[in-house]
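Chains: A, B, C and D, in written order; residue numbering restarts at 1 for each.
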Amino acid sequence: MQGTLVVAAQQRGLVERYQRVRAASERLCRALRPEDCVAQSMPDASPVKWHLAHTTWFFETFVLRAVERPFRAYAEGWAYLFNSYYEAEGQRLAREHRGLITRPTLAEVVDYRHSTDERIERWLSGPALPRSALALLELGLQHEQQHQELMLTDVQHLLAQNPLAPRYASALPAESAEPERRFIAHEGGLVSIGHEGRGFSFDNERPCHELYLAPFEVGAWLVTNAEYQEFMADGGYRRPELWLSDGWALCRREAWQAPLYWRRHGAEWRRFSLHGEIALDPRAPVCHVSYYEADAYARWAKARLPTEAEWETLAREEEDAAQFLDFESFVPLTRTGARGLFGGAWNWTQSAYGPYPGFTPAPGAIGEYNGKFMVNQMVLRGGSCFTPPGHVRASYRNFFYPHQRWQVSGIRLARDGATRRVLD
Amino acid sequence: MQGTLVVAAQQRGLVERYQRVRAASERLCRALRPEDCVAQSMPDASPVKWHLAHTTWFFETFVLRAVERPFRAYAEGWAYLFNSYYEAEGQRLAREHRGLITRPTLAEVVDYRHSTDERIERWLSGPALPRSALALLELGLQHEQQHQELMLTDVQHLLAQNPLAPRYASALPAESAEPERRFIAHEGGLVSIGHEGRGFSFDNERPCHELYLAPFEVGAWLVTNAEYQEFMADGGYRRPELWLSDGWALCRREAWQAPLYWRRHGAEWRRFSLHGEIALDPRAPVCHVSYYEADAYARWAKARLPTEAEWETLAREEEDAAQFLDFESFVPLTRTGARGLFGGAWNWTQSAYGPYPGFTPAPGAIGEYNGKFMVNQMVLRGGSCFTPPGHVRASYRNFFYPHQRWQVSGIRLARDGATRRVLD
Amino acid sequence: MQGTLVVAAQQRGLVERYQRVRAASERLCRALRPEDCVAQSMPDASPVKWHLAHTTWFFETFVLRAVERPFRAYAEGWAYLFNSYYEAEGQRLAREHRGLITRPTLAEVVDYRHSTDERIERWLSGPALPRSALALLELGLQHEQQHQELMLTDVQHLLAQNPLAPRYASALPAESAEPERRFIAHEGGLVSIGHEGRGFSFDNERPCHELYLAPFEVGAWLVTNAEYQEFMADGGYRRPELWLSDGWALCRREAWQAPLYWRRHGAEWRRFSLHGEIALDPRAPVCHVSYYEADAYARWAKARLPTEAEWETLAREEEDAAQFLDFESFVPLTRTGARGLFGGAWNWTQSAYGPYPGFTPAPGAIGEYNGKFMVNQMVLRGGSCFTPPGHVRASYRNFFYPHQRWQVSGIRLARDGATRRVLD
Amino acid sequence: MQGTLVVAAQQRGLVERYQRVRAASERLCRALRPEDCVAQSMPDASPVKWHLAHTTWFFETFVLRAVERPFRAYAEGWAYLFNSYYEAEGQRLAREHRGLITRPTLAEVVDYRHSTDERIERWLSGPALPRSALALLELGLQHEQQHQELMLTDVQHLLAQNPLAPRYASALPAESAEPERRFIAHEGGLVSIGHEGRGFSFDNERPCHELYLAPFEVGAWLVTNAEYQEFMADGGYRRPELWLSDGWALCRREAWQAPLYWRRHGAEWRRFSLHGEIALDPRAPVCHVSYYEADAYARWAKARLPTEAEWETLAREEEDAAQFLDFESFVPLTRTGARGLFGGAWNWTQSAYGPYPGFTPAPGAIGEYNGKFMVNQMVLRGGSCFTPPGHVRASYRNFFYPHQRWQVSGIRLARDGATRRVLD
């Protein structure tokens, strides 16, 4: 009885939180026209309209379908359009064709959102709900936040295709402070990583488990544009000895000469951003680099990338900092003062994305959320300036293919600890 | 002096004609939402918004730039976006990326149209103009009409990608009459083809020249859906002996089983059209077939496709019929009574598209209009239900690659004349 | 009775001719090692071993199978390997996989050849044979000669892939004389083209038919390497206005800068040939150009390519010259004295390859020989230095896709006749 | 002094070992014809002739070039042909073109081998040599053994392309015993993996380092063909929930229905092997499966694949068994009695191939041997029936991309230990 009352209060809190998260998605679209919301610039990216509809379909399918009696889908045929990758939910549109779906229109998708919001809020306002249903709602909110970041990365990629370089944000970006280039040392030993405790986590952060680390050091700053330009000036994109073999092949095939969105104007490099084409801030974190570039940079700098366990071990000590991302910015910034490991740009780690020991995905469609992607991708940590506030934590694992560059992905260095003795 | 007055009257007539043609393009968009106007469903097709802008750029570039002093382009960077293929006009966006250009928006493109219209009309309302400038204006109008047909074919292709099968036109399509299946005979001999006289023609219709034809017959009807289904039922898509080698390879590679847009529902075939998905009208002309399918059908029917010279020789005798296309329809129809060679669906001919003897393209960029495409394509004749009224004529040469199916392309049979003696 | 005796003598002659043609194929392999005979350098080319086996399969299938009782295929499964493209003969190996078939070995294929030769010769030495069977034997010999030319073009292409530039022929190539640059004029009018009379011809040369030509002129020489280098020096590969659109797209995509096999060494161009890498002979005919290059060159030279009818009309007057090709050479030569239209390098014509009026392919598999390729290709005329002596004639139609360059294809200019009046 | 004498004896031993390893490569070619040795069946595979030359180039470049004074390459231009992937050694032939290099011939490559062998043996017979030079010689021998395995996998892949299904080995394969299906348990805790001690190891096995393992169990047998067929019968290739997302996409795209080389004959599956097409031995280890298939099988079997650390931890205890591989067989066998972890088929592990903590590649070209491939690949352990005897050990790390199937790769199951408590 007592428990139920507590839950009721929790439910009221959830309504508010639900509204806040959902409204944030729509707020991100204010600067966009219907035309901007329908196009798909590459198979990896999705139209904004699709994001708005897919996140709604997620609530409709995984929350409302479980609790509404009778349940009736908002519109026939839309599940086919807005299911992303859930095999258990049936056939669906090929990912690369999302930009061809002009109907429903943006306005119709917004109607779909609002109608779904009403259904969710009505349900939340009802009698006390089982924990499992609330867990799915929470998953839907976390999922929506992930798509908020993708909406920004995908819009940026789309606008970047336009030679007119249109702006999403009209204000000028803030400027970075000079980073403090020091390494944080850790003596290694047996540590625990992974999520434990009561707060939300994705299944791929669990179970919390032990592992053994050799002594290591991790940089307290994100590599800056100025540092990265030194790498470029020193032949970074022309020296195969700095690169992994797959990365070098790609670098040659696609004639890479700089991070994604960088554009040369005579002797000067500028870059495309949500502010349009801007000057490079030499002190700001470099971003939109692939794993291959991050790895090559680290090799050039006589360092390496951190493992995800190294990163997390240090991040656990400053988890509160995860709340202070620079989400109001549309470019990563180096802040005055030691900010630490969170925010700015996602940190590529040298860890391949895989299951933690004892990992068990949830049963049913929702079990496809993270587990089936555990091959061929690399883990990124720490969030970025596009990540909604409150979304990441020390155990949070993001993952992308090593060739991908359209996320706000940057570079943090690591190196073996000073006490390490090489054995051979 | 007299000449000038005549020209002035002609100019006034042109203003009206200009307004009528331009308005027709915008009228075609009334049923569309901004989202529909921005997407590109394949590299061969273009977004409606692009068509609206490109045709405007054509007037701005080839008419206004020649006559306005000083000339100033409407907007910087738009020539790069809206130049289709004119090498002499400089670098331009890769054709397959047209769907990624969300800005300028549809509304901004419509503003561009209206502003350009004012400039054109102001100029036409001025002093008498040289014939060469008016010729370019006329070319611009003919060009716009060609794009009107493409807007319809491209929108149909785009909407066909949507599993919701959205409709462009809400009314039901009209029904066809049963065609009269007879052949029109011609005794052959020396004939003239190509355009002569004063009316407008494209450069590829000129010069009018003589050629020698053996006796031949051309069908007075377009092959119907019912006839084509007999071919399908007789293994048309499974019998390589009916097909050209390149066509058979494509048929296998793409697993063709029917014309483009046909969809099987159990035992029944339906087809996607601008009216949405509709039942097949057995008496209506089959359309959306490639040259390969047209050729295979003809071989199956113990006939062949006409040459363009055969077609034109007969069409000269009924050129007035070219004015009575069924443009108000969005599907090709078989009309009661002998309609003849024009309208319904474009007729694939067995003639490769090439230069007429003595062909000379115009100097400058405008010379790229038709001449540089004179390889690898096949000639189509006669117009279709998507062709604006008054646009085609007996000497009109349309051309597409033999694999292309998204145009309203159909089949008319021909055969060697009765008196022909085979020589070996 | 008399007829039979004549046929018997004809049969004896055929044995000798059969042996001569067959031996020629094997003689072409003397300079090759087994390794050279198995590799396939691109889907368009075939391994020499495949050519040797396929031509043998042709005799076995289309001659022996019709006359031997009982017929038994030489080896099970070989028809699958050595059928080229005859759909009526059943499934077969994908063309691009021919280089993966290492067994049967070269020696086993030579055994197959000799065994088949014995069977053919035994049959020819028997009683008088029906004309139809002898016609198929003759077709087989003509077919073998076509493959002799392909063996040379394909070996050249294969050896060209090897950076060691191995030689097929050890002798140095002969040198060319300076060509006489004059045009041969014809007044046009009604002419006949196509094969008539008793000698052998392919079905695509028939029927002989009339057509009407405007006055024209055709160059008496093949464009030389020196002339072609002028075109290159004048920006030939950088000026889109000289090119057909499809050609220009290809030229850009593949970064063409010269004919196939040309290699730049500092300021000098050399070219790979069956003699290995050699200096360019400025007076020799340029070869290994695509249709697109031939067409662009002609446009640059203020001329055009001849039509196949123009070419044949003039060639009929010098058909005896077809016997004097420079087959003993492995590079095309310009000979002292007027040689005329035959030999050196195949002449690209501006005629798309299609059926002559009244064309009827043979029934059955053999009907696939030429007819099913009558789309997308361009006609070449006149033979080359790789063509076996006696193989071509005035009505002979070769055909390749406009992008293909590995044949010995060159350029002959044409232009409209002096008396031509342009009509518009 | 004493040390030098010891080294001299060691050098004499090396001559013998060198001769034995080198001869083994040539012995593998005895069943092949020159034609078999030149073809390349896919970019991942290389021609046998190339393997023979490349391994020789390795000795010439990394051993002889360092010690011969003056050094002169055996033949100009061959380094370009036979350098595999060493960027520091300069430009080289694109991997996928290896099958186009018909010269040098097989006989010439064998001459190259023998000449190089003489140079190596002459050098080894000289004065005592520095340890570093001998280390490179040893690396060359290990390298040659790796290529011996590849020669077999590549020849098998090549012969499999031939519909005649030619045999490499004429004898029938041996039959397997029934495996003992039990799991070997380990309690976990801190363990060491990686190579230590004096024997040879590759750089990627070093440094030996500690890590922490949870309790686990690893199967004592390789999954058999019969077991795998149960998976297939239970919809293994039709149930996406069993697959990783990338694997499922590939499975669909390539229409996988069984392991590579399996062929259905009515209700029966057979498979292509070096013995030609053979019946499946139900008790023999399944092989030629991708990582994706191994992973899906394990999921279906309610188990998982072992990590490389788990595998190595158990393998250390039976390292002697590594010497008893079934190299004389050309199919993997299940042997009577507990054989353990080595031999039969390589074991896919769930470990992504990456650097061990503190990994440092060698300086110079030789540093490219393993390190630059440390992304996108998965580790395989234990050797196969194609692995030369004495080549593998407990710490040996093989690695391939998860989609690759042409290696002798099989499946060993693992599962979490019984005492494991799941934390959430």
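The working rule: contacts are C-beta pairs under 8 Å (C-beta built on N, C-alpha and C of every residue); 3 or more make two chains touch, one makes a residue touch a chain.
All values derive from a computational prediction rather than experimental measurement.
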item	value
Greatest separation from chain C - chain, by CA centre	A
Chain centre separation (chain A, chain B; CA means) in Å	47
Chain A and chain D, separation of their C-alpha mean positions in angstrom	37
Inter-centroid spacing, chain D versus chain B (mean Cα positions, whole Å)	60
Set of all touching chain pairs, with the criterion as stated earlier	A-B, A-D, B-C, C-D
In the complex with chain B, residue positions of chain A that touch it	33-39, 41, 49, 77, 80-81, 93, 97, 99-106, 158-159, 161-164, 166
Residues of chain C defined as touching chain B within the complex	85, 87-88, 190, 194-196, 206-214, 240-241, 243-248, 291-292, 295, 304, 350-352, 354-355, 357-358, 360, 368, 372-376, 378, 402, 416, 420, 422-424
